[in-house]
Amino acid sequence: MDNNNIMNTADFDVLHEECGVFGAYDFDGEDVASTIYYGLFALQHRGQESCGIAVSDTNGPKGKVMSYKDMGLVNEVFNPENLEKLKGNIGVGHVRYSTAGSSVRENAQPLVLNYVKGTLGMAHNGNLLNAVELREELSYTGAIFQTTIDSEVIAYLIARERLKVGTVEEAVKNAMLKIKGAYSLVVMSPRKLIGARDPFGFKPLCIGKRDNTYFLSSETCALDTVGAEFVRDVLPGEVVTITSKGIESDTSLCQKNNARCIFEYIYFARPDSKIDGMGVYESRINAGRILAKTHPVDADLVVGVPESGNPAALGFSLESGIPYGNAFIKNNYVGRTFIKPKQAQRESSVKVKLNVLKEAVAGKRVVMIDDSIVRGTTSARIVSLLKNSGAKEVHVRISSPPFKHPCYFGTDIPSEDQLIATGKTVDEICKIIGADSLGYLEVDRLSEMICGGTGFCDACFTGNYPMDPPTRDIRGEMG
Amino acid sequence: MDNNNIMNTADFDVLHEECGVFGAYDFDGEDVASTIYYGLFALQHRGQESCGIAVSDTNGPKGKVMSYKDMGLVNEVFNPENLEKLKGNIGVGHVRYSTAGSSVRENAQPLVLNYVKGTLGMAHNGNLLNAVELREELSYTGAIFQTTIDSEVIAYLIARERLKVGTVEEAVKNAMLKIKGAYSLVVMSPRKLIGARDPFGFKPLCIGKRDNTYFLSSETCALDTVGAEFVRDVLPGEVVTITSKGIESDTSLCQKNNARCIFEYIYFARPDSKIDGMGVYESRINAGRILAKTHPVDADLVVGVPESGNPAALGFSLESGIPYGNAFIKNNYVGRTFIKPKQAQRESSVKVKLNVLKEAVAGKRVVMIDDSIVRGTTSARIVSLLKNSGAKEVHVRISSPPFKHPCYFGTDIPSEDQLIATGKTVDEICKIIGADSLGYLEVDRLSEMICGGTGFCDACFTGNYPMDPPTRDIRGEMG
Amino acid sequence: MDNNNIMNTADFDVLHEECGVFGAYDFDGEDVASTIYYGLFALQHRGQESCGIAVSDTNGPKGKVMSYKDMGLVNEVFNPENLEKLKGNIGVGHVRYSTAGSSVRENAQPLVLNYVKGTLGMAHNGNLLNAVELREELSYTGAIFQTTIDSEVIAYLIARERLKVGTVEEAVKNAMLKIKGAYSLVVMSPRKLIGARDPFGFKPLCIGKRDNTYFLSSETCALDTVGAEFVRDVLPGEVVTITSKGIESDTSLCQKNNARCIFEYIYFARPDSKIDGMGVYESRINAGRILAKTHPVDADLVVGVPESGNPAALGFSLESGIPYGNAFIKNNYVGRTFIKPKQAQRESSVKVKLNVLKEAVAGKRVVMIDDSIVRGTTSARIVSLLKNSGAKEVHVRISSPPFKHPCYFGTDIPSEDQLIATGKTVDEICKIIGADSLGYLEVDRLSEMICGGTGFCDACFTGNYPMDPPTRDIRGEMG
Amino acid sequence: MDNNNIMNTADFDVLHEECGVFGAYDFDGEDVASTIYYGLFALQHRGQESCGIAVSDTNGPKGKVMSYKDMGLVNEVFNPENLEKLKGNIGVGHVRYSTAGSSVRENAQPLVLNYVKGTLGMAHNGNLLNAVELREELSYTGAIFQTTIDSEVIAYLIARERLKVGTVEEAVKNAMLKIKGAYSLVVMSPRKLIGARDPFGFKPLCIGKRDNTYFLSSETCALDTVGAEFVRDVLPGEVVTITSKGIESDTSLCQKNNARCIFEYIYFARPDSKIDGMGVYESRINAGRILAKTHPVDADLVVGVPESGNPAALGFSLESGIPYGNAFIKNNYVGRTFIKPKQAQRESSVKVKLNVLKEAVAGKRVVMIDDSIVRGTTSARIVSLLKNSGAKEVHVRISSPPFKHPCYFGTDIPSEDQLIATGKTVDEICKIIGADSLGYLEVDRLSEMICGGTGFCDACFTGNYPMDPPTRDIRGEMG
């Protein structure tokens, strides 16, 4: 059970991705749970609250699924004993972060269920816009809901479509016609591993291969970890079906109009991943380079706020010629169960987590690069840490545009009234965080950042939602 | 996770009840979780594998249910922290034993769900005969199943009926028309606590009251524990609805033909409970008295196999005049996680659990009373313990008839080929267990045991099932 | 860590033994940890707070000891993994109850240490009277203490004596010359298993044998559990040394004047144990018989307060002819972590733990037998439970004399001002507990209870201490 | 208990520091446990196996110490409940890594004990050379040892000296005259906090202050974390005594000949610490600069092996003008309980922990900076990872000299036959790890690295031990 005194990661003033998915199918019949375990490790940054693995034996009695899931990190939930018991050569895994209200074990994924045609295991990354309506609609035909996760809604739709069509992949596709929003899905039926991505392609999903084992993964970094080769990305709108006959693809729902989440490049994805052909690390280097050109400054040192600010800082340095350095030491031992200092205590969470290398910054004009400013409180504290350590000037450069609008597609962001950029000028923000200057990456440079790529969603910066946002804020209800 | 070396209670050669249910509704608005906790303690003998509590605040926002459930004893699952978080003045609780296959956390009860009219919490004791058919039928209208427990089937039926009728209690009644088998149900809707018992009345269910709090409980002993007064039993086939307006009763499904489980009186229920007006302790005393009359023997001492054999032993002594005594010391510290001795070890599970008071039995002709013989192995070991301790003769008397037929109504019994009584005469069994004589309670004396009561199910002894048994053995699939 | 809301066993108004010891030496070289585990199970009633096992391989490198100990029941502390790691054919085990102040993991036994001659493992049952003085004395020669247990003092003395004499058993004997009080010791050196008992013989200790394995145990019941034969009791004042050459005995400290704890027979020991040749069960039957003669009463039913009151109740019934019966159902699932009801709650700890069989007692004149009355609160509640259940009269008979004086030898009893018998007449106590009559076993009948045995300590009843009690109350400091 | 399948940090081919110490004394009487908790976080890199905190109330009854310690990270061992119970305004804390043999809970620190003058709490970083002799000597005067840690030996010496002298600080100093080796000590007596450092000053220790609270800490980074100001380093050989009257210093054991561990600067200490006036980060930058001058190479990119190689890589880049970049992504979620891949599995521990940024290195000539090569296996794998990712050349530069000799002062290093540098030329090592060139920092440049500092121990590189090494290898026995 949670303890109120325990600080969870949400206390740090950062954005949260909500999920990572991973699937594996070994056609040689070997167990895949252990490999999925390592795959989930590589995706842990996408969700630290709960995790789970479900497996099935495609050569055994049809539809027996074994699963284990719980609150906690991959590291904490799985041990040699429970992993050993997950016997099966096909499986799906999931890591999850959730908004506070639905942080209960019942909501951990993968979702495992019996339906008319046997069993399904399902892992989902994203957020549906019409989940409330669909739940209501399904309720009126007698559905009951035991969780508050969107996956359950999708599962119902697949189950019902499956009554009408001949294959589970067709059912998946038909279900996709009813759901609106962001979703990358990995679905395991007794003999098939299916991957699907919403037609806008909000969330990433890719295919990998190692000998006779196929993989589906939110990010390519997990393929590297398990020693698999990257085959290709699943296309926005595509349904891929992996069976003993190979990979089948149904692209009938693909559309021209894509909306890949630009924040995957800026912050969410691991730098060693490639998403839809574009390297994440490279895009962050680019962001730094662009900032150096658009918001130049005379300074002695460029530093990144660890870890995510470092690549952009390097890019800024390469472009500007100002030396790159480290200004911060991050304490990696501050885990999920870290006890948060109380107000009255002299210690602060930021100081426990970050310390400044005084000798590196003292007397210098410092360019400090971060990926975003959310509430502004953390930025203010870090600027203050630098100044207290003797930095003569602190010039803040942010490798994304000001964050002004809610995301309805699976990113957990505070409400608009908590976002520092809402209704404030850059100058005002600069003053609030105590910086000597402040520069954001401009929205019209985002495409340049990803080497001219298009078809991304920048609604959190622009308010230009790729599909109509819900009339009421449904975030938090859906989890 | 389980450990194969750990002996669970199933290793002892005894029968298992599968569930206990408890519900509470405090019209003064006080939290009931703590009281349910104590109620579940009193019902722990009905299920030691998992337990759970779900509560709701009838004065709060409609339909917010908080629940906590896990594998383990009431003692192990709940602590002051998690109990404290269960805020609400209406609630249901459950203790569960299950057959091996479905011993997973997902199957712990109460089942909590959202449906068309809000939330339901449900706890169920019993076993449905047509669950497979109903699941199939429901699947063909798009239902998905996340557990393997019957409660989920019942919940679906209630949810679907609720679309057609005006109240949840009507929906419960209509659902009852579709399900066949044994079930005592406690259902919590946002503003109502509902109890229902199948028309045969296989499983017990009673109503209690303490000030402004009403209770539903599998057994009266739990009412005693929480300081409540017994109000009455729920009738077989009755649906009772407890609201702020009082108790409403719908008896339209009641029928003449009842089939109360006779084994509740013989073994399952706690001796301090009364079921349908008949005291359990008294019925066991009666069983001993009957045995003394029907299977008399010249002996020096009457002893019971603890704990369950003691009352019948006392009855045998009272009737026969042979002194009652204790022959065994039972080690109550042997809990769920006891490490089972390996074959090669000199220690045996029986010896760790039971020791003989040598001085009490040495040189004596002993009447040993037990409630039943299942596989016979434990009985053989206990007879042997007595003889090795110097008992001159051991006369075994069993306070129930030979157990020959499977139960489809919620009792976990081995398959027929493992039952010692199947296809063997009493003399053969006597030899196998090494006794000097053996006597069972005759079937035609069961009514006398419960003071002339009628309307009970004795199918496990007679094969006379009150409803057609399933054509294939569905035990184990259902859990 | 403890939780204040959790009721520990101390909350029940009973006396507590403080320890049980068990040792094993397998001359065939097999591991003994598993056997010690089962032996500790049988001794669990002597201490439920912490437990531990230490083992050594007499054929391996000299003096490598492996141990594991922790707070909790045998059941909770050991699992197949940690038990498996305890490799060695000689070992000692311990179960412990302690007074509140010293309930910390550091005080768990066995104590394992390195000293001038290698390693020692030591388990101790009892309490020293001069521990404070010895600690002080040892301190002045540079000793440091890492626990608050007496065993550490004894270990120092053995270590220091060992510098002067040729064998560890001699060192043990010499140490015994310095310590005053109650102690049964099991000591493991690299090649020897040593048992010792203080010259008064306060605490029991016996020897057992199974094939080529020798045992030392607080009680014979543990020998039965592991399938060993009882060899003999260790004599008061004797030091036995078990080596590959057999059992050697040094009786030079034996004295005529013994003081076996009479409470072992009345309450502490398991009924299936024999202590110094006298069966515990038999002595309790005797106590009941004596009460029937000395405090007869006209009644309909004799009942025992479970579990400990049952044998005496049986004895009372046998002697008086009044039928024996069960009046109470005890909930055996109430474990160490049971959450204690708060004052405001309607539930009480007694009611959760005990329920009355109303039908058994209603309208009857009941003789209720218990082993002792400590504070009186529990007795009062139980009498009240019986009366509320319809008992017409409740006559309380106690199978021991009134408990009036503190014990300095290892029994945890409340201070005199909390003992109901201090300064009150039997009539006054009878009124306080609400009984219709009250009778205690007279002090001068104690010898009759144990079949004419002599040489026991009855100081808690008489104040006649076998050795001068400490001038200040040192209980609690010693742990 | 440990699980053999679980990889512990020792599996990574790196060196281990053995301890970190932290002490606090709040003269305003506030509890210090929480502050020590945050201090230990900052020192976690010095020991990840066990940790503990002991506190005492200087205004309460003299000498009551409360402590809690266990195996695990600070994060895992402490929770709000157990931290809350540690009441006291003076305290010591400890983090520990140990060699395999003594990895048991009993060896966790601080050591808490009673001795002739009350209580002591003690935390120790280092390793004694004459611990075996001292143990033997102490044994011959009747000492018993319950742990295998050096602190117990030191405690005995202090306790015995205290009998002769008037203050505990004098006793500490006198004990220091008897012990040989490396030790930084924090000792808490009922009214004093004492810090001491061996005359060679092998291990760091510094003093901090925050309002009315004084601190002793292994590293300055922990002072930063708790918001304290650095006061000064404790001098090699100095004993500082902090009481309500201020800081007293006894420098009578100080000597000219110092031997600060050079590896603190190279690898052990956190980069944001200053040790004896020299910044750790700066020394690592310097090491990189020196390598660029002494082992220049024509290349496109300089990268560090995370985390420890990064500062030297930056220094190399600054000096050489070759661009600095990131080549690796380290998975920070790989914790203590990570399940190690089996031999047969395709995943490797290195790959799970490190991934290469292919786009950053492909086609490039890479300079890879690491702090040391121990066995060489990890270096070989990382070089191979870079080459497989397309690096055209990999030039390895090591920011320390070849590591050839055992350390007897508290660093856990493999035996000489496992050290790759023993008996091999640099060219041979280069071939083994598969690099295109290899350069080590020369021994005669170490002083330059720390800005001309002298008085350090470089025995692991040179074999020039500041005191005679033990005649037999006592590492592992001492723990």
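The first chain written gets the first letter, and so on, giving A, B, C and D; residue counts start at 1 in each chain.
One rule holds in what follows: contacts are C-beta pairs under 8 Å (C-beta built on N, C-alpha and C of every residue); 3 or more make two chains touch, one makes a residue touch a chain.
For clarity, every value in this text was computed on a predicted model and none was experimentally measured.
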* **Set of chains adjacent to subunit A and to subunit D** => none
* To do: Determine whether subunit A and subunit B, two copies of the same sequence, contact each other through the same residue numbers or different ones, counting it as same when over half of the numbers at the interface appear on both sides.
  => same
* **Centre-of-Cα separation between subunit C and subunit B, whole angstrom** => 36
* If you average the CA atoms of subunit A and of subunit C, how many Å lie between those two points? -> 59
* Go ahead and note the Å separation of the Cα centroids belonging to subunit C and subunit D. => 47
* Structure fact -> Residue ranges of subunit D touching at least 2 other chains are 3
* **Topology of the chain contact graph, where touching chains are joined (line, ring, star, complete, other)** => ring
* Between which chains does touch occur? -> A-B, A-D, B-C, C-D
* Structure fact -> As the complex stands, subunit C meets subunit B at residues 3, 5-6, 34-35, 37-38, 41-42, 44-45, 48, 73-76, 78-80, 83, 210, 221, 224-227, 270-272, 279, 281-282, 310-311, 314, 318, 323-326, 329, 331-335, 337-339, 341, 345-348, 351-352, 355-360
* **Residues of subunit B that touch subunit A when the two form their complex** => 1, 3, 68, 81-82, 85, 106, 111-116, 120, 135, 139-146, 148, 152, 155-156, 159-160, 163
